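The same chain A turns up in both complexes below, where it pairs with chain B and then with chain C.
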Partner chain A sequence: MTTDVQSLPQTRTKDRVSWFASPRAIPYVLLLPAIVVILSVVLVPLLVSFWTSFTAYNLTKPATLYQFVGLRNYQRLLTNGDFWWAFGRTFVFVTITLNLEMMLGLGLALLVNKITWGQRTLRTIMMFPMMFSPILVGFQFKYIFNDSIGLLNNALFDLHIINQPIPWLVDGTLANFSIIFAEIWMSTSVFAILLLAGLMALPKEPIEAARVDGCNPIQVFQHITLPFLMPFVYIAMTIRSLDVARAYDMVKIMTNGGPAGRTELLWTLMTRTGYQNSQMGMANAMGYVSIILSIVFTFYFYRKLVAARTFMGGAQ
Partner chain B sequence: MATKFLAKALLASVALATLSGAVMAQEFDYGSFPGYTLKVKLIGGTQYEKLYTRIPEWEALTGAKVEIVSSKNHFDLDREIKQDIASGQITWCVGSNHTSFAPQYGDLYIDLAQSIPASELAKYVPGTLQSAMVDGRLVQLPRVTDVSNLYYRKDLYEDPAKMEAYKAKFGTDLAPPKTFDEFKQQIIFFADAPNLYGTAFAGKDEGMSGRFMEILRANGGDLFDANWKPTFNSPEGVAALQWFKDIYDAGAVPAGTVNYTWDEIGQAMAAGQLAVDLDWPGFAGFYSDPTASKIADHLGFAVAPVGTSGKRGGWSGSHSFSVTEACDNKPAAVSLAVFLTNDDSELMEAEAGNLPTRSATFDAAVKYFNENGKTALAEMFPIWQASLADARTPPLIPQWIEVSNVLWPQLQAAIVGEKTPQEALDQAAAEATTILEDAGILK
Partner chain C sequence: MSRLTIEKPWQRWLIRFGVFVAMAILTVPGLWVVLTAFRPNIEVLARPAVWIPQNPTLDNFARLFGLSSAQQGLPVAQYFINSLVISITSTIVAVVIGMAGGYSFARFSFKGKATLFLAFMLSRTVPGVALSLPLFIIWARLGLIDTSFGMILVYMAVNIPFTIWLTDGFFRQIPVDLSEAAQIDGCTRWQAFWKVEFPLARSGLASAAIFAFLTSWNEYALASQLTRTTASKTMPVGLMDFTAQFTVDWTGMSAMAVLIIIPALVLTFVVQKHLIAGLTFGGVK
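Right, the complex of A and B next:
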């Protein structure tokens, strides 16, 4: 009996060793480097930043990393009007930008899909705006929309459309419009390329059958083309919603969230709090509350994606 | 008699020899560091990098090598330095610094007064050196000083029609403004949008906070009292903010000025779109360059106006070099910092139109400008030098940038009409109070 009890741990150790040597372990062993890398570059920073959101962590005072303040950062955020305005503005910004990009991208994709000569060249040209750094795009539009030396106002003056400069980057509505315009200019082609891929994969048979049955082009688009494209639309929406919600570079360059916080988005506020003010604990708390926004958009678009794929039948 | 004369002559020659020996002793010893590589993080940008062409001279002098491990604009460099502090990776020795940023970095940098002889430090402009100190420690060696004065278009001020109209309207001769009230009056008088604006101001970031602070101090107010309680929501503060609001409401500045920083203002002035510009000395070279500026032939300079207290605000700051506490060869690092701010380096900075930090350089620079046909800069230098007497930095506390970041959005809110000046300043004062209480500065 004594011998049996002593041999038990040895048996377990042997089992473990033999499991690692077995063919069943090979996939896990091969994945191990990837798992370690992902844990170190994603999970560890996530946990550390989550911890700091409960501390008074100041970037220039490393010792404050261990100064636990409980929920104080989150409590302050709840009553911080500037943060919630930025949160709401980011929500509206993402919603408007995504919908406009989707509609324009769809239009572009449908037009390019009709072209039989030079389509490849056009597809390449469409991708040009995506090749620019967002910072450069920000500078470009900052000077286009500049009220005194800007290209747009000068053109409007020359055409005698205005006799007083339009403060594009100052007025609350116009400033947000200008930023949305710049964002759309840069990224509509993402939608166009993805939807064009969907259109190119579209089977011809259902369309031809619908035409034979007497459907007009609008009915074909509404009942055949668009439902088929919806999974592509929602994938593009999911990817872009995360991108747009992270909008920082262009806003930083064009207005830096101003004037008077009129164009303040979550990332300009967070960056100012974390890096300029060194309040990294508070900035990370803002980040974790902001994740709600990304989760809402991602959850919504995935549900829509699943529904669209179910509608397509057999595409799952 | 002859013996007496001989004794006196001997005494004089001994004294002279002692004096010249003392002068020689005052020459800074740059040391010898053969084989050593000094890692540095320096501010980048065209106007800053010309000085770095002197680094090979220092390398030849000391035998060391300089490795520039980072070269960025100051805001990105500031962010990188904070990340270095957070991660404990201070692997470099010399860093570019600024009087506005320096208080944030705690004990990152050494007290240079402990490493540089007093005789060497005496060569710097005393007020400039004083403003480079944080908590009584000389944490940076200033390389160029900034203080704002007036650039104006002489063609407008000397235009007979405008002179007559101004005299008829205000009863005084048209001349560069002596007070901020007169400045406002002239800004509004000259404005003829969209072709000509009275002026433009940096309307966001620390630029907005600094300009407000300047007029607030000129009006006799200040940002904080002796116990660090925010006092900028005082009547002097409201009057200072009202000044900006008045010229904004009158359409005498571009509406976009609330989004402008120095680049846009400089471009607008050089394009002839502004009548007057209260700005840094660094723009003098640009404005007086006929290949880049439309106003080069009629550029005038005047000392900054005074406020209602009869004083100048004198918002000032210096770009500088600091040496890290973690440096493995501090003498080499100090040697480079001194070399890059010595008389020759300062003359190089001054020749580019920057305000030097060594007293002797001012005269040398004016001589250089006159000899090289740069009469505008020769005219500008004494004016800017004179205003250094009134120069004051923002509060040298680590929380200044944070306070500035709650102040300027409120200033903007008042300027664009979302709040009254008093409401905006009260809000900013409440937020600043929280920041200073959290930091333990305000009890």
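Right, the complex of A and C next:
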């Protein structure tokens, strides 16, 4: 960037001011406000949270914020059955939903890509769930899965499929099915829309060449379409893993962890421990576990994205 | 693809059927809530189920704003104003700050660039619920609990990383030559930015702004812990006012859900094209 130099006054003095006025400083100066905000609203709280996770901090007793207890909170977590259940359930929940969303999203994108008439309208409809606040998705499915007045049971009654209401949100297994269904409803569109954008950018020549060479549609899909789509898959995965914890809002309103803790996820257990039981120290220890879980998921897909991008020969 | 493979008629119908079923699943739940918003409560609880509203009514909306004599109103108008003030202010600030950052990433190479970019993205990874715990402690000490200012600060931090990601992508699509040509013609770099690059990136910036607005508008996890009263409660938090221990006011909640979804629906519709382009190009190119 040679043009930087001419546009800025060159200060000859060798004090600190000169560095801030030099072209080398421009990118940092531009980024400074963003860095300040993130430091003060994310990083500092995270440090507080880190400290708190080593104390016996209880919201009702402010002095306990300075009562250092070492690794006690973490030790208790490791021996706490409720925590392990919530952790395991969260891991399984995230794995199942991300995979199903990816497969269903790919399927939907391939189907819509085949339709030429009215495709724009279909794309708009596909964006529909993305407009919904997670709390609204939760409310909507709490209503639909309600055993006495819900749409689903009403439909099953009127079609004479069932005589007894199915307790969608009251039975433990069914409640887990219901929250997974709601999560998939909420997020499959993200995959479908991004993968459809990928399919539309797909170059035609390699496919034509492959078909001339006698590849069948399955081979074309496996060796050309799918590798080309992979960066789009990873973008979608990265975007999704950035906010897997959105599921908290939805589960909070649908079941609030119930019945009897059978849909308790790490996030609902955390707020229950912190705000309802006032055990902030313990809650922050759980918070750290959830943060690390999210970072691991995102970092994994981000690395895949960078690798795929390099493979595609993209710029920078 | 569609022009290369020729399907048999039965395959075409199968595809159409699959698309129809998928679209039905995506739209019916939301439409059902909208229908409920215009029903009297008796119809919702009726058995056998009433499918088509027999007595459509606006009473549920009137109830939200305290216009109905039957029941005292909830301060929904105030929640709506809070939501607007918090979302719009945090969006404007986040876009200005994020644009500066995105431009910096798109146009300069500097030491620690990749690390800094990753750090911004990772800061976005922290789950809202996990961040709410320490923020609750700090905001309580600073007296920021239940203030609009406190929420604006939080949403700025939530939106800046994603705005950086989107604007970085938009600026990278604009050839560097354009700005350089302007500078050769006598513009300063600052002028070149405002006269050449900014106008070209404007539609992209608009979609980044709308994305930030919707994130704040829809957010629940942080707002539910950091707001308390009508002073700062937002719409998603207010929605929970309708649930008591064992009862839920379905029609009232549906009406409020409609109020939350309308701005989101309009804005997403306006911006959809740029949004998809922004997400994909920001990532691939």
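In this section, the second predicted complex is superposed on the first by the 266 of 316 C-alpha atoms of A that agree within 3 Å, B and C clash if a C-alpha of one lies under 4 Å from a C-alpha of the other, contacts with A are read in each partner's own complex, and residues count from 1 in each chain.
Going forward, contacts are C-beta pairs under 8 Å (C-beta built on N, C-alpha and C of every residue); 3 or more make two chains touch, one makes a residue touch a chain.
Predicted, not measured: the structure shown is a model, and the values here were computed from it.
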Three-chain arrangement built on chain A, chain B and chain C clash or fit: clash
Which of chain B and chain C A:L305 touches, first, second, both or neither: second
Touching partner for A:T60 - first (chain B), second (chain C), both, neither: first
Touched partner set for A:F157, first chain B, second chain C, both or neither: both
Touched partner set for A:F68, first chain B, second chain C, both or neither: neither
Chain B versus chain C as contact partner of A:P167, first or second or both or neither: first
Contacts of A:T255 with chain B and chain C, given as first, second, both or neither: first
Partner chain in contact with A:L46 - chain B first, chain C second, else both or neither: second
Residue contacts on chain A - larger count, chain B or chain C: C
Which of chain B and chain C A:D147 touches, first, second, both or neither: first
Which of chain B and chain C A:Y275 touches, first, second, both or neither: both
Superposition clash, chain B against chain C - the stretch among 152-160, 170-178, 188-196 or 260-268 that is involved: 260-268
Chain A positions touched by chain B in one structure and by chain C in the second: 149, 157, 275, 280
Contact set on chain B toward chain A in their complex: 75, 78-79, 82-83, 85-86, 88, 104-106, 108, 193-194, 197, 203-205, 254-256, 258-259, 264, 267-268, 271, 273, 398, 401-402, 405, 408-410, 412-413, 415-416, 418, 438
Contact footprint of chain A on chain C as seen in their complex: 1-5, 7, 15-16, 18-19, 22-23, 25-30, 32-33, 36, 44-45, 48-49, 97-98, 100-101, 103-105, 107-110, 113, 116, 118-138, 153-154, 156-157, 160-161, 164, 172, 179-180, 183, 188-190, 214, 217-221, 224-225, 236, 239-240, 243, 248, 250, 253-254, 257, 260-261, 264-265, 268-269, 272, 276-277, 279-280, 283-285
In the complex, chain A residues that touch chain B: 56, 59-62, 146-149, 153, 157, 164-165, 167-170, 254-261, 272, 275-280
Contacting residues of chain A [partner chain C, same complex]: 1, 3-4, 6-8, 24, 26-28, 30-31, 33-35, 37-38, 40-46, 48-49, 52, 57, 65, 108, 111-116, 122-136, 139-144, 149, 151, 154-155, 157-158, 185, 189, 193-194, 197-199, 201-202, 204, 207-208, 211, 217, 225, 231-232, 234-235, 238-239, 241-245, 248-249, 252-253, 267, 270-271, 274-275, 280, 283-284, 287-288, 290-291, 294-295, 298-299, 302, 305, 309, 312, 314-316
